[in-house]
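Structures are listed in the sections that come next.
Here come two complexes built around subunit A, the first alongside subunit B, the second alongside subunit C.
Right after this comes the complex of A and B.
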């Protein structure tokens, strides 16, 4: 069956069973579930009526046993420690050592730090993966059909919806935390490996049957104000290290000096400034990649010229936006993740820099997340096609190596979603006829800025008019794609087998696309 | 692709000439995207002595395969005191670049020598004789003093440029904010170029972190009457274009002159008075047309001339 972005969704994918019995549908277009109702699936939690001094257990192994983890269960993790994370591998090692199998990992994201999981997948111990990001060896083995069930890939907002709706049920959540007290009140500041916020772990703490906080820094009770509330936590474990602090918080991303990136960033800022929403009190989100990050720098003089300020910025936060706030040009920063030490330092001391939950950030099924009020978002892409569909998950070889993250959430929510990407990367055309995998549907993408020109989605007549009025040149996206193919050639189609190895969920829980098992290329 | 390139226009708009190493495919493959009027592919100082041949090879294939569109493609060849320049010229002509920048020009004879080699190469490769344009870079006190003779030396020569690095070394001076150390060279060269009826370009500004200094220098260039400037980084391009753009008042005045001249000319009148009392004759027209052309190139012209 073809969905609203023209992708054939095989019956095999539509038949995948969700925990609550909900049936998968193909993607129907943006706003499909707006106004409908959701029945939230509450966890089954243990009563602690009698006073207890402490929830601390001596080891992760003890926690695994105390939580009663058994074959077929689902365990969850967050990705605030990024590539410095030790938690996933430490916990999974204990589960595997205890001989437990048929485990589903439901993480907010997984990365290169989790290569050891690939082995558990190959051995058939880990049989399900639900995540935003999948990379490295794990991406490779899943793409080669080694995972027993299709991986389910969700946006950050889509994950919260899936947890709340009960599409996925978390039996045990393992939450790494920079600090915790003996009752599990956990914070992301004050420890050895601070990550700033714990936003993505909040739904896990509220919807898992059992919750374990793992920290390397125990602090006196009460550790307030907490990101993870002790009332939701069953056990606390102290380990030597939750992660590698250097990789948890990297130094501030250096502003790119690449002239190509700078030109694209400047043109993106000009597009933003030409839109009617660029007025005093506007809201903004941008990523940490080269050209996206540099947009901050080019936006500032345009704001000054118009005498306006930004009311709030959200998203993954970098030092760049904190710097802009220190200059008095941003009202509030609402933070779901910190990308560098500058952002972490800022939230430590800045009274106008706040933590929010993943649901507040991007959940499409709550009563209105931040993304719904966002004016502008600037995003990157691996590929964009002539229907404005974006791929951020499969590489040019068809193998899983990315994460939708907040991309589809902010793209749908924002009034103006700008994708900034070079026209080609090496031999690959970034602007192409058909993306390998649709991860953000074209009906949510408004403007594409490349080094060879800007294209506006023809659905957005208002933005076209605004750019025309400002004298900003734009071309049909087809023209960019043709230019790309004239430079690097038209790529042969990738070759896949029939088996579905991953399902790309739209944020509303319909199926946007599937990824199939990769077939070695035959000439 | 629309290769070979069309016959170059001798007096086109050349506000910005961006240098780049001809040896770096990543740079030259699409250097036109930054919007410079001309790009300057360098075979000279940017290329190490033992890499001259590979740079020529990469240049030739770039010229043959990349569609640079409206962007003028000029090549800086090695000096006449090196063993490379003749082969450089053959590659430029065979590849079909628009123009050649002669490094370290000291005399009219240098231009004539290059002109002759270009003619030979054009014959060798079956290119229309006279197609390839030239520009001369003055890099020494001697070159500056011979500016007028140099400017008149060849019908191929569209302009003359100053190369500050070498010139300052010869003069034993440093870069001085305000440009007092270059005042004589700039002034003499401009005067020579105008006397010979060719264009004149200023030297590069190398401190990429000094935006203010760069703007001050471009402002001075505009005030002195330069047609354009050599650049070393794409981020300098929009600044020069912005600062060279005529004001709306200048555009309106130029429009008035061009329209009035056309009307009067069709009635056989050569001299007339504008409504502001200013007397206009044919001598004003090229200047006014230049303003309109600049306004169009700057993307700020909304009229229909």
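Right after this comes the complex of A and C.
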């Protein structure tokens, strides 16, 4: 059955069973579930009426045993420690050593730090993966069909919806935290490896049957104000290190000096400034990639020229936006993740820099997330096709190596979603006829800025008019694709086998696309 | 002009290709192709290499191509350069610019 972005969704994918019995549907277009109702799933939690002094257990193994983890269960993790994370590997090792099998990992994201999980997949111990990001060895083994069930890939907002709706049920959540008290009140500041916020772990703490906080820094009770509330936590474990602090928080990304990136960033800022929403009190989100980050720098003089300020900025926060706020040009920063030490330092001291939950950020099924009020978002892409569909998950070899993250959430929510990407990367055409995998549907993408020109989605007549009025040149996206192919040649279609190895969920829980098992290249 | 020894041109940098030609006697082109973009461009890279060899009159050689996303023009230039290096021709000699070298 073909879905609203023209992707054939095989019966095999539509038949994948969700925990609550909900049946998969093909993607129907944006806003499909707007106004409908969901019944939220609830966890089964233990009553702690009798006073206890402490929830601390001596080891992760003791926590695995105390939680009663059995074959077939689902365990969850967050990705605030990014590539410095030790928690996933430490916990999975204990689970595997105890001989428990048929485990599903439901993480907010997974990365290169989790290569050891690939071995558990190959051995058939980990049989399900639900995540936003999948990379490294894990991406490789899943793409080669080694995972027993198709991986389910969701956006950050889509994950919260899936947890709340009961598509996935978390039996035990393991939440790494920079600090915790003996009752599990956990914070992301004041420890050895601070990550600033714990936003993505909040739904896990509220919807898992059992919750374990793992920290390397125990602090006196009460550790307030907490990101993870002790009332949701069963056990606390102290370990030597929750992660590598150097990789948890990297130094601020240096502003790119690449003239191509700077040109694209400047053109992106001009597109934003030409839109009717660029007025006093506008809202904004940008990623941490080279050209996206550089947009901050070009936006500032345009704001000054018009005498306007930004009311709020959201998202993955970087030092660049904190710097803009220090200059008095941003009202509030609402933070779901910190990308660098500058952002972490800022949330420590700045009263106008707040933590939000993953649901508040991007959940399409709550009563109105931040993304729904967002004016502008600037995003990157691996590929964009002539229908404006974006791919951020599969590489040019068809292997899983990315993450939808907040991309589909912010793209749908924002009034103006700008993708900034070079026309080609080496020999790869970024603007192509058909993306390998659709991760953000074209009906949510408004403007594409490349080094060879800007294209506006024909659905957005208002933006076309605004750019025309401002004298900003734009071309049909087909023209950009043809230019790309004239430079690098027309790429051959990738060769896949029939087996579905991953399902790309749209944020509303319909199926946007599938990824199939990669076939070794043959001439 | 004929291959006398192994000739190599190019680098392993991104967007470049390293081409090595070695003379053989079996009258065959024995092509080994590795590429970071093999899934989408392998067929085109192979065609470009074989066309270039034909133009240069190479009929018997072991050809090793290690590509990191080079464009067709780069691939052609590296094959040509590897060939002339393998021919050990006089660097001040006459090259067929615009003829077999395109």
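Things to note:
Just so we're on the same page, the second predicted complex is superposed on the first by the 523 of 523 C-alpha atoms of A that agree within 3 Å, B and C clash if a C-alpha of one lies under 4 Å from a C-alpha of the other, contacts with A are read in each partner's own complex, and residues count from 1 in each chain.
In this text, a residue touches a chain if its C-beta (ideal position, glycine included) is under 8 Å from a C-beta of that chain, and two chains touch if they have at least 3 such contacts.
The model shown is predicted, which means the values in this text are computed figures rather than measured ones.
By the touch criterion stated above, A:326 is placed in contact with neither subunit B nor subunit C.
In the superposed model, A:461 lies in contact with neither subunit B nor subunit C.
Judged by the touch definition given at the top, the superposed model places A:246 against neither subunit B nor subunit C. Judged by the touch definition given at the top, the superposed model places A:397 against subunit C, while subunit B stays out of reach. With both complexes superposed, C is the one of subunit B and subunit C in contact with more subunit A residues. By the document's definition of touching, of the two partners only subunit C reaches A:488; subunit B does not.
Taken together, the two structures place residues 487 of subunit A in contact with subunit B in one case and with subunit C in the other. The part of subunit A that touches subunit C in the complex is made up of residues 396-398, 426-428, 487-489, 491-492, 494-495, 521, 523.
Taken in their complex, subunit C has these residues touching subunit A: 14-15, 36-44, 46, 68-72.
Per the touch definition, subunit B reaches subunit A in the complex via residues 1, 29-30, 33-34, 233-235, 238, 299.
Per the touch definition, subunit A reaches subunit B in the complex via residues 259-260, 262-263, 266, 451-452, 471, 486-487.
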